[in-house]
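To start, I am sharing the structure in question, which I have written as structure tokens.
Just so it is clear, A, B, C, D, E and F label the chains in written order, and each chain counts residues from 1 on its own.
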Amino acid sequence: MELYLIIAAIFTLAFLAPMLHKWFPKAIGWILASVPAAVFAYLIYLSIDIGYGLVVYESYAWIPSLGISMSFYLDGLSLLFLLMITAIGALVLIYSGYYMQHYSLKGRFYFYLMLFMGAMMGLVLSGNLISIFVFWELTSISSYLLIGFFHEKTKSRAAALQALLVTALGGLALMAGMVLINLSTGTYEIIELLNEREILQNSPYYLAILILVGLGAMTKSAQFPFHFWLPSAMAGPSPVSAFLHSATMVKAGIYILLRLAPVLGGTLEWRAGLSVVGLVTMLVGAYFSLTQKDLKAILAYSTIMALGTLMLLVGIDTYQSIKAAIIFLVVHSLYKGALFMVAGSIDKQTGTRDIYQLGGLFRTMPYTTVVALLALFSMAGLPPFIGFVGKEMIYEAKSIIPETGNLPLIASIIANAFMVAISAIIAWHVFFAKAGNLPKQPKETPFRLWVGPAVLSALSLLLALFPGFFDRNIAEPAIGAVWDASVSLQIKLWHGFNLVLLYSVITIAVGALIFAFRKKIIPAIQKFNERFFAIDFAQKFLDMVDGFLHLTKKKTDFIQGGVQRYYLMIIFVTASALVWYQLFYTRFWDFNSDIGYIPFYAAGVAVVVIAATVVAVFSKSRVVALIAMGMVGWGLALIFAFYGAIDLAITQIMTETLVLVIFVMIIYHLPVFKSFSRLSTRIRDGVIAVVFGGFMMGLSLKADYLNLYPAISDYFAQNSFTEGHGRNIVNVILVDFRAMDTLGEITVLTIAAIGVFVLMRMKNKKTEELK
Amino acid sequence: MGLILSILTGVLYAAAIYLLLRRSIVKMILGIIFLGNATNVLVFVSGGLTKASPAFIAEGQQVAAEHIADPLPQALILTAIVISFGIIAFSLALMYRFYKITGTDDLDDVTEEDEV
Amino acid sequence: MIVEWIAAVLIIAGAFLMMIAALGIVRFRDVYLRLHAATKAPSLASLLLIAGIVLQFFSLPVLIKGLLIVLFIFITAPISSHMISRVGHLMHVRQDERTHRDELPEQDDDDQNIGPS
Amino acid sequence: MTTQILRISSKYLKPAFVVLSLVILYRGHNEPGGGFISGLLAASGYVFYMLAWNVETALKKMWIQPVPLMAIGLLLALASGIIGVAAGEPFMSGQWITVLNITLGTPLLFDVGVYFTVIGVMLTIMSVILEKVDQWD
Amino acid sequence: MSNLLLLPVIVPLATVLILLLAHGRKWLQQIIGIGGIALQFTVAVWIFVVVNSQGIQVIQLGSWPAPFGITFVADLFSSIMLMVAALIGLMTAIYAMPTISDNRQRFSYYPLVNAMLMGVNGAFLTGDVFNLYVWFEVMIMASFVLLTLGGSRQQMNGAIKYVAMNLVASMLFLAGIGLLYGQAGTLNMADLALKIRASDDAFLLNSSAMLFFVAFSLKAALFPFFFWLPASYPTAPMAITAFFSGLLTKVGVYALIRFFTLFFVQNQSFWHPLLLWAGGITMLVGVLTAASQYDMRRILSFHIISQIGYIIMGLGLFTVAGIAGAIYYMVHNIVAKANTFLVAGMVYKLRGTYDLKAISGLYKNYPLVALLFVIPAMGLAGVPPFSGFVGKLMLVVAGFEAEKWVITGVALLVGLFTLFSMVKIWNEGFWKKHTGNDASDNKKLPVAMLVPVAILALITILLGVAAEPVVELCMRAAHQLIDPSSYIEAVLGKQY
Amino acid sequence: MNDFNIIRTAAYIAFGFLLLALVFVFYRLAKGPSLPDRLVALDLTAYIAIGMILTLVFISGQTRYIDVALIIALIVFIGSVAVAKFLKRRFYDR
């Protein structure tokens, strides 16, 4: 079984998509959908074996020196996700085949969509933490490209950037977490990790791993306080929302947690952390969804609520809760995918997504209405839909956790009641209430637009009514993969009269009440929001980015101010500081004050040179400075000569004279010195100069102190004549022992000559850039 | 008196730094020249100051006498002098060009934000 | 021995002359006078020093080198002093009031290429 | 500014510089001197000539123009190294022959290369810089 | 004892000479110049193959035994760098054909590029401290000339800063050499390694080590010595900037790695925290300043700085994994960074400006350019499966293994900011609605511009996708660096 | 080497004079007042340098130093000529 072929097929298709689109512009949706559909069928076939506990594992070496391989691991959990991805993916592709017809650059859209699908499938199939991460990042990038599909709108670009930054931040945390896992256990392979639970949980890094992996999951799965990117991401086309933001990308965070639950889970930290995050997210999502007007925004917030619920369930970490999580995962994917597609259709047909503007669509768009209502029922958790089953299970799971009492349960009931109310509001306002002024006169959508949601809604119903195959072959192995115990699951619509049923009834009742009094409640909430929750997270984030840019700009202008003197000043100050620090650190203050043989005439010349230096520095006239500089040069030549460096002295004199000539001939063209600096500036520069000069003096004093070994120059003295045939040792060194230096040196001279030549001869053109 | 060459090194460095920090490009290049000189002296001093004869092998002898100046630092400084000569010639030409193009010799007048 | 003594006298005399020249350019009152001091005396001083060297370390190369040095100094020193005095004059560097004659009043005719531009 | 004194003296000093530079180049391996010093010396002769006359005249007096001179010098230096390779030893290994009691070898050739390069470099730099000064006159 | 090691220096020198003699004819210059670099690349690959199969190669120039003459040494690290340098030289030279002005191509561009490569190659190969200085000077001299050719005010401004700061660095380098020779009495790196490792007093060499550190930090543009880089790089034509971005700072980094693994190992508790701090602050400052810019070239220039920080971090960790990561990252960064600059040059060719506020609509009208930008940009941002990801991963793993939490965290965070600035370029320049006329917006880019970019992009992908051989190579190179006994033995012979 | 070496002693004395000369010259260089004055000072510095090198020959007994003097004698005047040429130009420029 070659699992990589599945992903390879999708990716190949992705790269072919632009071309296919060119050749078959009409049928592109169907063509592209055929491959995920085929994969779906194949997976269903596989699921028969998986249902009997088969696990497929394949590994291909990628970077073995780092312990990284591309390995694929198919168990129940992966299978469940794969099925959802391929099913919804195929439907979305069919849907977008029509939906996207009139947009430009569709070829690239399909490319990105297929890329995303491949990445997502890779993510759930990967059996190596690093390859999970690779696909994880790929989903971030491709979702960025998809969300920003309408890239000429500023809002879309901002939304895409937001989504990318948030998820990339999480990605980095995830990467750090994975590296830490490897550090603790020595492996990246999931299959090996499953046996390392003890080691990992006793590792000193456990908490860090948990936080980092959790951060990754939270950003990807839009958990509070990173939830804001999801509503913004609605700026993308509807098929994208239907695909990415219902079943696939936003569930990736949940997936990674479920995947690692057998290894990381079960501790107090795990439970507490995830539950709190999930609970808050759930409430936030539910609460904010009520006040939205935009249909897609409502769906986005309700998605956040659902994701919060999932996180909470994972966090509760009991058999019941995992079971509930898996079921609710499927439930939510089905109805949310359908609803997003419906929202897209409505938007397309009417030109608006404002639910209070819409209305009466059941007349003009009957198929769509039916489909949407089915999905909404599932969302509201009414029987006989699988949504009801999911909710029942959630209540069941939450009612039996010992530590936290009833808090999760109550919160959950409130949140679900909101969902009921929202479903009702959507159903009423969009399809039945009186319509406002619609930009376009609605008419029924073509088959391709409603078949997708219809299939999903139908599945919502069918899975609840005929759960056999789903239970046995898909849900059970998935739960089994997370909760390591033999599982037997029976999805039942009817549990008998019990507490859970009562909770459901309460939920629906409260929801109905909210719906009934919506005219009063919603404005009240809005007012409340304006007063107390006047935080637009998305805006805050953008403000933060702006503020960050502003700050860095300011800082850049400060650091990279453009004035060379300050650059040099910082360099000298830092260099001095570093050297002084080093001197201090090395504890080496005792300089050698007697550094050797200095005859009085050398000292005398040195004094004059010092004086001439001072004149050169402080003279007001350029020529005086130059003459003083010449004197310094000759003085140094004399000092060299006094210590027996004859060639050096000659060279020094010659170059000094010629530099003087060149210098004089160049300043010919320049204006005279003006006195530029203020006294305080000069004093400051003087202090810097003295500090720098001071340590250089110190270093020169130290130089003679440490002599590790006799110098290598004895060899030159010995061999210069016998081997090098020269009596002038310095010259022999230059042309023979170290001739390579000299070769480089004359090369430098040649280049310098070319440079001078070009600089002096070049015409004074304004700009010489690329043509 | 033994300190004097070290002090010379320090003074040359200080002068170089001070000149480099001036606004006039001419002074900056003077600073570069001084920096080169200062470094040469530093290398020379660190090579060891001994009372020694020049590094030559006398006529009729195969190897050098006992006390000769260390020839290697001399060769190094010689190379360095030549290299800095090339660099200084180049910087002077650059100075010319700078003035021709910008019309100023004040380095503060020209910053990175300048767009033509 | 006597050679050493003569050489010693020659060096000291040369060095002394050099010092006198330097004293000259400190004490004299204007550029033109100082140029006298700076050109003539050092030429003689180096001649003396070289004579000392040739006496002390007599050999053919030393003699030739010594002669060359003297020759070069005698050729180049006038060139530079000529240029300096010329430029001083052109720049109207102040003459001492006790100088009686200025043989090149304002005009600069042996210079064909340059005119005030 | 040029004067008759400068012009006449430059006529005689230039050959003196060149001859002396050749002497110093030849002795360089045994006495103070060498390729760089002698190259600078020869170049100084021409520089003085440029100062006294002008760049054009000085360059006309040269057999080889500065830029090719640089290239030739570098080529000689490189060739001296490659001779060692041709002899089957590492690059720049000295190869010596004694002709009429004079020892010649690749390091000397290298020195000659340096000599030419330095003259070429100096004169390239000086000619373009003094050109501008000539233009002012 | 193979003269092969000399070829990377001799080939460009000979090319320069021929080019000097053949100046004036553009096509001749192009053929000889590019041919010379191609030959260098071949030589570099050859050297790499030899080193890889036969171990460290050494040549004693002039047959003088090791510590006395000059030694050229090629270990794995140098030979990798040689190859990458020649590759970048080749690509940018091809790219230059249609982009650099005719006048420049006729006279100065090709000789200077070759001369600079000569310096770079010499610096990678030499085993002698002073010789390294000489090659540095060859390199920066050529870069001075390349950079200052041009007439705008901004260019002059950049040139002056570049020249001044690099000269300061050179002089500090030279001072360091002087002190080092005065104290240790030798200049040969292997000999130094041997002597310093054997001495108890070696920590007293800290002062000269500090001078080297400052000098190389200036060359490598570490914080706070980086100012010359953003001031000067954006002013040159893109072929030159890309060439510089690939090589100049990297030679500084190379020297840092060479010095601080081979012989300045005497006082590790002092140096490694310093290096880590320097690396961390550098990457943070570089990336933060990049984020605020709106000029493509400046964004990319500031990025160079931040990426240098990564490499220095690898050095500061001083483990095999860390140094291997640093080497890998360096290779990746040279390729990807040069490539982004080349793409920026394309953008300039299409839009006539580098200002992101004025650039728009590239995504719609030039999908190929968009694709070519995305690959190196994502590579730089460390997005898998491109090369940057592997580099970042190696460094992060090394950092965590060494338990240096803060710096590793900073490194991760910097990856996010890098992504941000790359996306900023994308958002502004590529995605924004085209302000001009769409219909006429279909310029053709010359093949000579596309080919190098595409090849470099391919390498970026291959470095990531087929990372194993490279990673394994970097590991071996790092082993050689951490344990220099094979290096010392190769240079000094058996007797030591 | 005996204690009292006459040549050496003489050379030391000569050095004393030369240093004194250098100080005088330096005074003129620093003081000015006109540029040609300073140029004269520079010129004389060169001669003093020649003198010092020649005196060094006596102290060290190495005749090789004469070469340095030779080169100085040959080359320094170029500097003076160049500066003078510059000053002329500058002056006319006003």
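We take it that a contact is a pair of C-beta atoms (placed from the backbone, for glycine too) under 8 Å apart; a residue touches a chain by one contact, two chains touch by 3 or more.
Because the structure is a prediction, the values reported are computed rather than measured.
Enquirer: What chains, if any, are shared contacts of chain B and chain D?
Expert: A, E, F
Enquirer: Grab the C-alpha centre of each chain and report whichever is closest to the global C-alpha centre.
Expert: E
Enquirer: When B-E is set beside A-E, which has more C-beta pairs in contact?
Expert: Result: the pair with more contacts is A-E.
Enquirer: Roughly how far is chain E from chain F, centre to centre by C-alpha average, rounded to an integer in Å?
Expert: Whole-Å distance between the two chain centres: 48.
Enquirer: From the C-alpha centre of chain C to that of chain F, how far is it in Å?
Expert: From the centre of chain C to the centre of chain F is 11 Å.
Enquirer: Measure off the straight-line distance from the CA centroid of chain B to the CA centroid of chain F, and report it in whole Å.
Expert: Roughly 21 Å separates the two chain centres.
Enquirer: I'd like to verify one number: the distance from the centre of chain A to the centre of chain C, where each centre is the average of its C-alpha atoms, in whole angstrom.
Expert: 79
Enquirer: At which residue positions does chain B touch at least two other chains?
Expert: Chain B, residues with two or more chain partners: 20, 25, 28, 38, 42, 44-46, 48, 53-54, 56, 72, 78-79, 82-83, 86-87, 89-90, 92-94, 96-97, 101, 107, 111-112, 116.
Enquirer: Which residue numbers or ranges of chain E touch two or more of the other chains?
Expert: 13, 16, 20, 61-62, 130, 134, 137, 141, 144-145, 148, 151-152, 157, 160, 164, 168, 175, 178-179, 181-183, 187, 230-231, in rising order.
Enquirer: Which positions in chain A touch two or more other chains at once?
Expert: 560, 562, 564, 568, 600, 626, 644, 646-647, 650-651, 654-655, 657-658, 661-662, 665-669, 696, 699, 703-704, 711-712, 716, 727-728, 734, 736, 738-743, 745, 747-756, 759-760, 762, 764, 766-767
Enquirer: Which pairs of chains touch each other in this structure?
Expert: A-B, A-D, A-E, A-F, B-D, B-E, B-F, C-D, C-F, D-E, D-F
Enquirer: Over in the complex, which chain D residues touch chain A? Could you list them?
Expert: 28-37, 40-41, 44, 47, 51, 66-67, 70, 73-74, 77-78, 81, 92, 94, 96, 103, 105, 107-108, 110-111, 113-114, 117-118, 120-122, 124-126, 128-133, 136
Enquirer: Touching chain D in the complex: which residues of chain A?
Expert: Its residues touching chain D are 646-647, 650-651, 654-655, 657-658, 661-662, 665-666, 668-669, 723-728, 731-732, 734-736, 739-740, 742-743, 746-747, 749-750, 752-754, 756-757, 760-761.
Enquirer: Which residues of chain C touch chain F once you look at their complex with the stated criterion?
Expert: Counting only chain C, the residues touching chain F are 4-5, 7-9, 11-12, 14-16, 18-19, 21-23, 25-26, 31, 34-35, 38-39, 42-43, 45-46, 49-50, 52-53, 56-57, 59, 61-62, 65-66, 68-69, 72-73, 76-77, 79-81, 83-88, 90-91, 93-94, 114, 116-117.
Enquirer: Provide the residue numbers of chain A that touch chain B in the complex, in ascending order.
Expert: Interface residues on the chain A side: 560-565, 568-569, 572, 593-600, 602-603, 606-607, 609-610, 613-614, 616-617, 622, 625-626, 629, 632-633, 636, 639-640, 643-648, 651-652, 655, 658-659, 662-663, 666-667, 669-671, 673-674, 676-677, 685-686, 688-690, 692-694, 696-697, 699-701, 703-704, 711-713, 716-718, 720-722, 727-730, 733-734, 738, 741-742, 745, 748-749, 751-753, 755-756, 759-760, 762, 764, 766-767.
Enquirer: How about chain B: which of its residues touch chain E in the complex?
Expert: Answer in residue numbers: 20, 25, 28, 32, 35-36, 38-39, 42-48, 72-73, 76, 79-80, 83, 86-87, 90-91, 94, 97-98, 101-102, 107, 110-112, 114-116.
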